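Labels run A, B, C, D, E and F following the written order; every chain starts at residue 1.
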Amino acid sequence: MAKIVCLGEIMMRLTAEAGTRLNQASQLAVYYGGGEANVAISLANYGHQVSYASKVADNAFGQAVKNHLRSYGVSIDFLLSGTGRLGTYYVEQGIGQKATKVVYDRQGSVFALMDELEWDLKELFAGIDVFHVSGITPALSGNWRQLTLQLMQAAKAAGCKVSFDCNYRQTLWSQEDAGEFLQQALPYVDYCSAGRLDAIYLLGIKEVDAEVAHYYQAMQQLFPTIDVFFSTNRKIHSTSVNELQGTLWFEGQCYTSKNYGIDPIVDRIGGGDAFTGGVLHGLLSGKAAQETIEFATAASVLKHFVNGDCNQYTEAEVIQFANSDSAKISR
Amino acid sequence: MAKIVCLGEIMMRLTAEAGTRLNQASQLAVYYGGGEANVAISLANYGHQVSYASKVADNAFGQAVKNHLRSYGVSIDFLLSGTGRLGTYYVEQGIGQKATKVVYDRQGSVFALMDELEWDLKELFAGIDVFHVSGITPALSGNWRQLTLQLMQAAKAAGCKVSFDCNYRQTLWSQEDAGEFLQQALPYVDYCSAGRLDAIYLLGIKEVDAEVAHYYQAMQQLFPTIDVFFSTNRKIHSTSVNELQGTLWFEGQCYTSKNYGIDPIVDRIGGGDAFTGGVLHGLLSGKAAQETIEFATAASVLKHFVNGDCNQYTEAEVIQFANSDSAKISR
Amino acid sequence: MAKIVCLGEIMMRLTAEAGTRLNQASQLAVYYGGGEANVAISLANYGHQVSYASKVADNAFGQAVKNHLRSYGVSIDFLLSGTGRLGTYYVEQGIGQKATKVVYDRQGSVFALMDELEWDLKELFAGIDVFHVSGITPALSGNWRQLTLQLMQAAKAAGCKVSFDCNYRQTLWSQEDAGEFLQQALPYVDYCSAGRLDAIYLLGIKEVDAEVAHYYQAMQQLFPTIDVFFSTNRKIHSTSVNELQGTLWFEGQCYTSKNYGIDPIVDRIGGGDAFTGGVLHGLLSGKAAQETIEFATAASVLKHFVNGDCNQYTEAEVIQFANSDSAKISR
Amino acid sequence: MAKIVCLGEIMMRLTAEAGTRLNQASQLAVYYGGGEANVAISLANYGHQVSYASKVADNAFGQAVKNHLRSYGVSIDFLLSGTGRLGTYYVEQGIGQKATKVVYDRQGSVFALMDELEWDLKELFAGIDVFHVSGITPALSGNWRQLTLQLMQAAKAAGCKVSFDCNYRQTLWSQEDAGEFLQQALPYVDYCSAGRLDAIYLLGIKEVDAEVAHYYQAMQQLFPTIDVFFSTNRKIHSTSVNELQGTLWFEGQCYTSKNYGIDPIVDRIGGGDAFTGGVLHGLLSGKAAQETIEFATAASVLKHFVNGDCNQYTEAEVIQFANSDSAKISR
Amino acid sequence: MAKIVCLGEIMMRLTAEAGTRLNQASQLAVYYGGGEANVAISLANYGHQVSYASKVADNAFGQAVKNHLRSYGVSIDFLLSGTGRLGTYYVEQGIGQKATKVVYDRQGSVFALMDELEWDLKELFAGIDVFHVSGITPALSGNWRQLTLQLMQAAKAAGCKVSFDCNYRQTLWSQEDAGEFLQQALPYVDYCSAGRLDAIYLLGIKEVDAEVAHYYQAMQQLFPTIDVFFSTNRKIHSTSVNELQGTLWFEGQCYTSKNYGIDPIVDRIGGGDAFTGGVLHGLLSGKAAQETIEFATAASVLKHFVNGDCNQYTEAEVIQFANSDSAKISR
Amino acid sequence: MAKIVCLGEIMMRLTAEAGTRLNQASQLAVYYGGGEANVAISLANYGHQVSYASKVADNAFGQAVKNHLRSYGVSIDFLLSGTGRLGTYYVEQGIGQKATKVVYDRQGSVFALMDELEWDLKELFAGIDVFHVSGITPALSGNWRQLTLQLMQAAKAAGCKVSFDCNYRQTLWSQEDAGEFLQQALPYVDYCSAGRLDAIYLLGIKEVDAEVAHYYQAMQQLFPTIDVFFSTNRKIHSTSVNELQGTLWFEGQCYTSKNYGIDPIVDRIGGGDAFTGGVLHGLLSGKAAQETIEFATAASVLKHFVNGDCNQYTEAEVIQFANSDSAKISR
């Protein structure tokens, strides 16, 4: 299997039970997750050798992050720790027509405050096939914009493929800042998770129609080094009911997965990361493009039925789910 | 904002988890609520100065009621306590096609046994804009029928608007008794929550068609002092899935809200009170009629997604919900 | 009411909460159940005198089984215990599009290891109207195939009606073995729970169309002593949403119940046993055929809304449910 | 083994977790229990044929009582049900130096309101060895004082031994009323649970010293038909730490058990009933007096380590505990 | 009763169950508390009119703080809110010989960042009898050192008594800084919670012996305006077992309470605040000095048996506890 | 740090809450553990490179074991999996004077059924400093007696030190069988956890007095290759209160740790393994003998305050605990 480094922030998530508002909660469930960490866990579950590079607080919660990642077989050799705090966020779970609400408390985290790269980049990328990072990381600070570029450049230089998930978060930076960063970063990218909205609002591609293939093509013209684009199309009927369909642009062609109903959703957080993990696994294990997009979408759908940020399924389970057409008790 | 007095019984509610029958339950969740108390909390959440008048047992559960009301900013200056018991009821939560089942144990409560008004009515209604009471109160005893009338008369005399929610409960009194009471009480009422079934079965208005506007008009002819009628039209697909639409009769016109699907319902109890609270807030804060009915219906729908009897949303949250058309994670 | 003996294995079931995979679970909910035991409890709930014959471990879990059965009024006079283990199984609850997954750990149980009948059969069947057993029992071992036949023969000889639920489980035996057993056993059977798939795959009846009546007729021709066949037709939209309809072949005619939507399912396990319990109750209490199939299907549907293997409803509650057409709060 | 009828009220108990005051509780644990019911369960656990006579509400909680009793093998053939309520009480669990606090809500229960005996007394006592009742029953109402005497007389007439547990509760009646009742009732009693305080305050025996033997002797002189007295001596160091020692007056001699430390107490409620159950079992199974008091005290101590009102131990477990002198893990 | 303003930070506390380390916790219990807020709640429980002045985040957790305070009847008229975060801390509950461990995450809270007083001090102190603040507030920042002095001066000027609880926290500031602040602040103080260690390490009083009276005397000589000192003497046998005794210096004399064993401790956090609340109540309600110290110590002991930061007991309950000498079930 | 291989069975443990008997439990808490696995985790927590060799079921519970071990950084490169079951055991937690009770269901596990070594022993022991195994492994079957000897011989041959924990379990084999095995195995052992009772009952050393030093000396004379013996002396006051003291025989001298009171015990299971882990860490990290035994005993004591089988403390935390003499809140 492949060797992968994922890098980014990982946070503690505290969640109230559905039906309880955050201000009423007398108990909060604890999870740990972050975009790149969730991708790392997916890939480790599929059998790859994955290392997660980040920095956490040198307290109980930093320790919890280590145990969390190791339990899935993700290496923490490049997980630094230092004095400070772990970013935190609080989730009021939506249900039915009521949306999920997130309260962030991530400012001043030990990761966000990093102002120069604390890893030996040679060591970090030695023998690595893919380096994966998301658009949340450069959004954390001006420093992180520079550091992310440095990481991409070093990864490229070391012969890694660079995987990048746009993952635009409006509470962290403006569309202008994000767009500017993308212009600098995408030339280093090989695999890019980006969709129609990213194309229009971040890259300034003219809105034409709803067909994502058009935008993939336009993005590839802008950034010819990227040969794989992927994203999901999510129709939100309610917080509890979504439809999900994945698309993959590969060697100039657009592949579309089955369209899944997800009803009811248990926990949507991490669904996109499960999708990215699935696409990377398809690419790294030599699956055909159609097989890859079916696998990735099935992995993402499965994630919605399990609590916590990360995908809990093996490759065999994802494939079985992708191929099944009913939900019989398996006994 | 306005000054409001709500008066009625408040009870302890003990609820088994959905999927567990009451006779199997080894744990019961505790809530406190009552029709008028729930309205009081809604109005306090919207910023009004609300006082709740009632009588509770002078034991731990009476204390719990006080803490419950105060936590929302409802004044307990007129909440009496005395030796006796707090009314109790038990809820077996329905789900899907299985209906919710209620076991009442409310007889002989310290409130129900009250045989003369224990408040100084001058003090109670001094400076008050609206006095709100529901049809559950006169249903508790012959005494309470008289006491409720006395309260309405005193409120009117003190210059309050009187708000009345029919809230007919067949286990407490007959349609005849309720109808007779309404004939006496409605001449004192300004704002009246009553629907088509109340019109037909309690007020003897002839059934014509399903259009609620017809019945509003007929009721207003009977009771010309009432210039606002309101009610919801609920379509019950199952215990978990309802549709809800609010209507408001205001200055001779009928206003209808959006029709909401609610799927899945977390806790329906208090949904009607949240609606009444929303209408009163609209009227008291000078919202237009259409805005009022949209607000009230949105407030009621939101209540269905939160455990416990009372609305947990601010005015801003209700408005945001009323204006949103999806259930995206807000982060 | 009637006197019934049910015989079979009863196991401990350990269930993770929906949204948690078995390998993640830090808590497991405990239930006890088994096909025949569930039928026994249904029948006891309806007022019959029911005895459950089985063998359990002489440890805490055997004791738990005794308490479980007795709590419903099922007699344990024929419940043996001995050194060994109680069969166990683990349930990962599915939800939405994710199927439920069962991990069995039932091998070597004190019941499965029984190699000769340890009851005095005269005593066991004295005064008994119906003996009920399912196809899981002969599937447990070669010994149990013989022992099940002995039991049926002795029951017949004692003047009991024999009720048999095919309940084919592919993890326990092959279709060939099951078919062979059925050829030997069905001549002793009076009431038989078997459906279209059983007819085709176990009894070798030629597949013609989807109409179950055809297969009932064909089965009755093969086994003329059986005059009652019954089964449910379940359409699985997802793990959370099923449709269910019951059919009953009685005196040469096929009766079909209302078709129910079940949405959402709380716990499907035991749904079939609740159906069988309902049919037997209809037959034993002299209900008409249509009434019987409506009762049995309603009982099965209700089971889906309650956690645990066994039906928790009285006859009156099932009838009320069968006759209701909405899910209003009953207060 | 022996045949026993126990008669009395059984209530629902709702308990907050230690460390949570009743007015703060958002969850309450549910138990069912009552003095005589707890004795009935102890005796059934030891293998006797026990019937529990009482009257419960014909609702979910009456049903729960039935399931509770049956699960231990107690017969409910004489458990009546009718319209009304089940008595309820609430427990705020003490811990350490904080005392446990009980809030009763038992007035007007369907049992307390009984005004004439609703059993056929011939049938009730046919073939019965012992009839057991406690001082809580006559304390419930003036009617029950008469009814309890009628029951004792009928039991005596039917040839039963009468067992009576004084169980004086000051919130239910005065010492005078209790004393007067005892003068009428004790002439019918054979086995009497009463201690030094009962002797002094209820029977007017002069206080001499702390030795319970003196009071047993004095009581026996007053009521010569009683030949067995028993009680525990409890030293309360704190709510969590008690010492407990049992004494038994048998054939003119006083027997004293080991003195047990109980640290920490899990749930003290029902500890006295477990003691009474142990004494009756000793008497009914022909144990020697010393063996009986050791058994009864051990049973009572064990009860303190288990949640809920009733003893959960078999005869073998109690004997093993009485004989052990350490608390090693038994594996 | 008296009118009191308490001012300080209030935080969210997230607690793992005893026996679970913070890094293992999958659930955290939520409480809200802070030194001055806990005192405010104690005083409100005893019937005083208490206002809590602070600043919280304008998010769900700020809302939760408001509901928390109001539920006890504490006025939030001076509780500000603004953009930012609420201070947070995490508690790993010790038990037995294992100490409790706290992980603070309070930096950058909206309260700590306040750099000028945002209240109208005239309004804040109008008609107020006592202003209470603790040494945690000036420890939060250099700004807060100045602001605390300004508050004390304004309170004095408005005719309030000033109550100050030293509450030295070594993780927030050095002994030097604290000592320097005390020199400036104590001249404005009337009631001072400070003990032997504060005298020696913060005020530089020479260590002589263990008798606290000596240090009280010495402190009063230094700060003659203070006429009341008080503190507890805690002997820590283990995390679960402490002894606690209160002392009060009043009008030149030292009063000592009973010495309490506390075994086992449920939650020690807030025990000191309950003591301070009790002393202030004694002073404000005109209790004699000995009565005051007995009341305050009993209140503190009771706090240890209830989860959460704040005292849950009324005056009557504290007095009953102070006077009781056993822990019998009160029924 | 050192490289260690631990080998043995690991099981699923299902535990009822204290105060609930196993037959009453409706929820069971899930832990994974085994003597050698617990030692492995301790050593990994202290920073060593530890590999755990075992065999688990290839189902959800085998997967859970993998995640469990990896979360602590234990390598699972030698953790095999295959068709079958994972051994299971059930724990009824004792409290106070009530002993903990274990129900084993471990027979026929995929590990116990192993009949030849399935590892490449060269690979397994390559570069390894210590091989650790316990007396539970040879007790599992006749095969395992042989296989354990083979493992020890191969480890020795590869240059590893062999660590052996007698861990005699009477339910698995007789004293005779264990003694016979020890005679064969101990000549290969370097570090041996064995105490006075092992010496007397398994090795036939004559009982002289209570001093463990005597027995260490005698054992060393019999097995001169062993130069380190260690064990704890546990005084059981109750299930909740124990005293614990460690002793270490090192280079002909006996070292004794502080004597700890443990009160109350949260979970005793794994306390011995934490001790062994601590001794091995002391030996492997070059601590002096007295320091080693203090460290190991402190580690064992700490284990008693945390749920689950394995030690959750770092080296720094153990040392801090060993050096502390109070249980103050550390904030």
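Methods note: contacts are C-beta pairs under 8 Å (C-beta built on N, C-alpha and C of every residue); 3 or more make two chains touch, one makes a residue touch a chain.
Just so it is clear, the model here is predicted, and its values are computed rather than measured.
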| item | value |
| --- | --- |
| Each chain counted as touching subunit A and subunit F at once | C, E |
| Copies subunit B and subunit C touch via same or different residues, half shared test | different |
| Far-end chain from subunit C, centres as C-alpha averages | E |
| Distance between the centres, which are taken as Cα means, of subunit D and subunit A, whole angstrom | 63 |
| Inter-chain centre distance, subunit D versus subunit F - centres from mean C-alpha coordinates, in Å | 46 |
| Junction residues of subunit D, two or more chains touched | 21, 23-24, 26, 67, 101, 264 |
| Overall pattern in which the protein chains touch one another (line/ring/star/complete/other) | other |
| Chain pairs in mutual contact under the definition given at the outset | A-B, A-C, A-E, A-F, B-C, B-D, B-E, C-D, C-F, D-E, D-F, E-F |
| In the complex with subunit B, residue positions of subunit E that touch it | 66-68, 70-73 |
| Subunit C-touching residues of subunit F, taken from the complex the two chains share | 14, 21-30, 59-61, 63-64, 67, 85, 88, 90, 92, 101, 103, 105, 107-108 |
| List of subunit B residues in touch with subunit C within their complex | 18-21, 23-24, 94-102, 104, 169, 171, 236, 238-241, 264, 268-269 |
| List of subunit A residues in touch with subunit C within their complex | 260-267, 301-302, 304-308, 312, 321, 324, 326-331 |
